[in-house]
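Structures are listed in the sections that come next.
In the two complexes that follow, subunit A is the common piece, with subunit B as its partner first and subunit C second.
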Partner chain A sequence: MVGPTASLTPLSRADGSASYQCPSTGSNILGSVNAPIELPGRRDALRPEDATVEVFVKPGTAPGGVGERYVEGIIKNMLTKLILGREKGYARRGVVITLAIVGGESVGRGDSYLTLLPALLHTALLALLSASVPLSMTFSATVLAVDASGKITREPSPKEAATATSLHVFAFSSNGHLLLSESQGPFEFKTWENVHQRALAICHGTLARSSDGDVAMAEDVDGQPLEGALREVVEDKIHLDYAWKIDAP
Partner chain B sequence: MNKEAPLSIAERDFILNALREDVRLDGREADQFRPLNVSFGEEYGHVKIQLGKTSLIVRISSEVTKPHDDRPFDGIFTIALELTAMGSPAWENGRQGDLESYVSNVLDRVIRHSNALDTESLCVLKGVSCWSIRADVHITDYDGNLIDAACIGIMAGLQHFRRPDAVVKDGQVIVYGVDERVPVALNITHKPLSITFHTFDEGKRVILDATRKEEQASEADVLIGLNNAGDVCYISKFSGFPVDAMVFVNKSSVALEKVKEINNIIDKALQADLTKRAKTALVEESRAANDR
Partner chain C sequence: MAPAAAAAAQPAPPSLSLPPSQFARLQPHAYLLAHLSPPPSSNQPSIRANGRAPSQFRVTSANTGSLTHTNGSAVVRLGDTTAVCGVRAEILHTEDIASWSVSRPTPASSSPTGNKRRKLTDSTAKLSAESENKEEDGDDESQIQDFSLLVPNLSLSTGCAPGFIPGAPPSALAQSLSHQILTLLHSTRLVRAEDLRIWYQPPNLGPEELERHNENEQMDVDAPQGEVDLEKNKEIKAFWVLYIDIMIISLAGNPFDAAWAAVLAALRDTKLARAWWDVDNEMVVCSDAVSEARKLSLRGLPISSTFCVFEADAASGWRAVVIPDAEEEKELDDSTRKGIQRRWVLADPDGYEEGLSQERICVVVDKEQDGKGKTVIMKLEKNGGWAVDTKELKTLVDISAQRWEDLKQILEQC
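Showing the complex of A and B:
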């Protein structure tokens, strides 16, 4: 299984940005984060002590519609809980996340965004890290398709997703806690259990938890766990940025 | 917000005084473009434009729809440009600003209304079905001269794009997949591009391809849209200080030269991409897995 490729801070105007490509679904997402920025008045009236998170999903080849607004809601709900909006300088400010689908097949009118959701979430996370927005934890997400025979496909292509009976998106925190579970189509509870197990293995590898709660990541059929892949992208970038300091005698 | 942070007075004066001595901030000549890079993605009609620090992505897509009732022989061509917070923190998501409507209007005038894409060739069955071509412009970095960059992107995209083949059989429209039949290139009648000039010092200094800071310091802009043959399809002097009529006369010949230059760059990039595609296609075809 080929892991995703991503790069941090490809753009110069935005505070933080990330580009993310998932080879199996073929999606290519460009994300940018502007934070903390001044928002026009009255939008922060409800929670003056917290930052306002705004998510905008821009489809690649179609005008935005209900589908985008819905997936924006899912991403926003999840990220609002991770972003430490009460940190110094963030209260009453905005964290504006813009995600543009710049490559791969577009989601058809009225189709669900579940196949793209993990890519969107990962892009948002990397862009937030690139903008140095304080977060309480990182996460990784994956999408799984279950077909009529009960076979589970990891990160299905648009064609595979169309023939699947049910689609499931899971996001796990860096400690392996379930953060998000979105499903579509009919399925039994047992199927969900199976899919959940598989998703956890994809994101974190086969779990081997040591006594101090640390999660050791191991590779298996799914290749490198996603959590590790994302971590490596950030590590590489930091290594590159601090080369002057690291290599100095 | 929806407005870039204004320049300080000192910065404005610095740019202006430097221009009076024929010096630009980035060391360019007055009639010189920033380095332009045109690259194509994997799909047809996916173009990345990098003009100095301004960068954008254009995606062209097609679908079969019903033509407008009053124009049964014409296909539909739309240019969709939406400014998001990605390009500049000053732009607000989901809210149309002045710049957005201005740029969309100019792009419509230069490319769509000059009939660069022959919409009649998009007709499949009179009054029943036609192709709808959509050009989506995603601005990823904004550092001035959005209009010219977007124009280059859309024109390169239209020339690069291939739509699926469609055939009418016994009154039925059959659309062949990209792997069933060789997809068809769009019918481009001419290749118009816009060239933007900015004036300074009461119209005495005129520069080409201004960066964001130069744009902010300028007094007025002059826009000339023309094609390789020198046919002017759009001229505008949208706002700001008055500009001498001779500027239009003199600068249109400069613009023509630039349009030819840029069209050359686009053609070269297209050729390079086509030969690359032809090679990979041959490799695909000669693979052992295929029938012979």
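Showing the complex of A and C:
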């Protein structure tokens, strides 16, 4: 299984940005975050003590439509809960997240956005980290397809997703909470539980608690856990940025 | 009570107590929390501010056939949320479909399915045939999505709630609801593509008539053979396109459940006129006899139920220190939760409760074999928080299965 590749801060003018490629689903997303910024118009009436999170999704080939509004709503609802919008300097200001679908299959009318959703969420997370927006926790997400025989495919290609009976997207926080679960297509709750287990293993690996209470992420059939892969991207970037300091004698 | 005693002592003191309605506006979170967790001394049960139990849905009523200009219509009320849905059928000629000649199915592959289905009349036979046909008609069902034969649109700009200005462009909420209804129509495959096809059957004139003249007694044997030939020449000339328009005329929370129930009731009510291709005029002609119009035969009855999570701690989510690990949290049982750790999953939230909660769960379930079979989940959506995990979702699916029974009765009676 080829893991995703990502890079932090490819754009120089945005406060934070990230690009993310997932080879198995073929998605390629470029995201930028501007925060905290002054929003036009008075938004005090809504939630004066909190920051306003806005998400924009730009499809690759077609003008935006109702499908984008829907996926924007999902991402916004999930991230609003994670962004610490009451930190100093964030109240009554805006966190604007723009996600552009640069490559991969575009989503047609009435198609589900589920295959693209994990890539969009990961890009948003990395861009938020790159903009140093305070978050209560990080997360990792994955999409799984279940076909008629009950076989679970991890991160299906658009062709595999079209033939699958049900599609499931899961996002787990760094603490192991189930943050988001989007499933469609006929399935039973038992199937959902199996897929949930598999998704947890993909995102967090099989957890092994050591004696001092630390949680170690172990590698298994799914290769490196996603949570660790995302962490490494950020670590590499920090290492690169601080090379002058680290390498100094 | 203290303020009452003070009022008795002094003739006209400024009132220091607030009526409940003002308290609800000033401190909405504390108001709902006080209802859900009353002090143990008051001996009151834990109940929502609207008087419902946490897993209780609002009173639902449905009425079909209210709009005379539509092919099918329904009004569904879910408490104070009201959705009106009208289904209008229009004819789409295959000549007008740009990709028709490319994607056109071979007549031989599509007609036997149609033939088989037409012969099935009773619902039990139809169900058993459905499982058989699942594989072979899967390809044909894609026509609904490929040619956009279902066009739902939801409008909130009706003055349904103070936040929605009449005549304004569709809000993000209205757009995402339209999209959810469309994807649910596609993923549940509720409408059969066969119901929407308008066929042309060319008359088989030549060889059959010759045969009849020659050997009269063999006609009975040959007739089925001729019918199969005719079936092969059948051709799709047009499709019915269903425009499904939903108006939320009053919004008090939970618009999706109301809208989906309205779509379901309207589609169950929809009648399509008998239509055929007229060769001489080269157009589709419809019969105006009501007796010839037929209803859509829908696949199953997917029912949606929405829930929201109300947390006792208004600040959970931004106070990073208090978030425990998922493992620790699993060990906490609902009964052992105290103080700010408490949370309630509220079914069918009204507008007031929706404003106070962020985590939403939407479950769409169907039951096989008209309610006797097992529960199948069509859609499961949860985001905006971490209160609901596997265990809670399992209970919510069970509640939704119960709701399926209730709503089925309501829809069948209307």
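Throughout what follows, the second predicted complex is superposed on the first by the 243 of 249 C-alpha atoms of A that agree within 3 Å, B and C clash if a C-alpha of one lies under 4 Å from a C-alpha of the other, contacts with A are read in each partner's own complex, and residues count from 1 in each chain.
Everything below uses one rule, namely that a residue touches a chain if its C-beta (ideal position, glycine included) is under 8 Å from a C-beta of that chain, and two chains touch if they have at least 3 such contacts.
Quick caveat, the model's predicted, so the values are computed rather than measured.
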Message = Going by the contact rule stated at the top, is it subunit B or subunit C that touches a larger number of residues on subunit A?
response = C
Task = Based on the superposed arrangement, let me know which partner A:61 touches: subunit B (first), subunit C (second), both, or neither?
result = first
Query = In the superposed arrangement, which partner chain does A:227 touch: subunit B (first), subunit C (second), both, or neither?
reply = neither
Query = Can A:106 be said to touch subunit B (first), subunit C (second), both, or neither?
reply = first
Message = For A:30, using the defined touch cut-off, is the partner it touches subunit B, subunit C, both, or neither? Pick first, second, both or neither.
response = first
Query = Thinking of the overlay built on chain A, is A:155 touched by subunit B (first), by subunit C (second), by both, or by neither?
reply = neither
Inquiry  = Quick check for you: in the superposed arrangement, does A:175 touch first (subunit B), second (subunit C), both or neither?
reply    = second
Ask   = Do subunit B and subunit C land on any of the same subunit A residues, and which?
value = none
Query = Along subunit C, where are the residues that touch subunit A in the complex?
reply = 145, 148, 150, 172-173, 175-176, 178-180, 182-188, 317-318, 320, 323-327, 329, 358-360, 366, 374-386, 388-390, 393-394, 397
Query = Any idea which subunit A residues touch subunit C in the complex?
reply = 50, 65-67, 69-70, 72-74, 77-78, 80-82, 84-87, 109-112, 136-137, 173, 175-189, 192-193, 196
Ask   = Which residues of subunit A touch subunit B in the complex?
value = 11-15, 17, 30, 32, 34, 37-38, 40, 54, 56, 58, 60-64, 96, 98, 100, 102-103, 106
Residue numbers on subunit B that touch subunit A, as the complex places them = 1, 41-43, 46, 53, 55, 57, 59-61, 80, 82, 84-89, 92-94, 134, 136, 138, 140-143
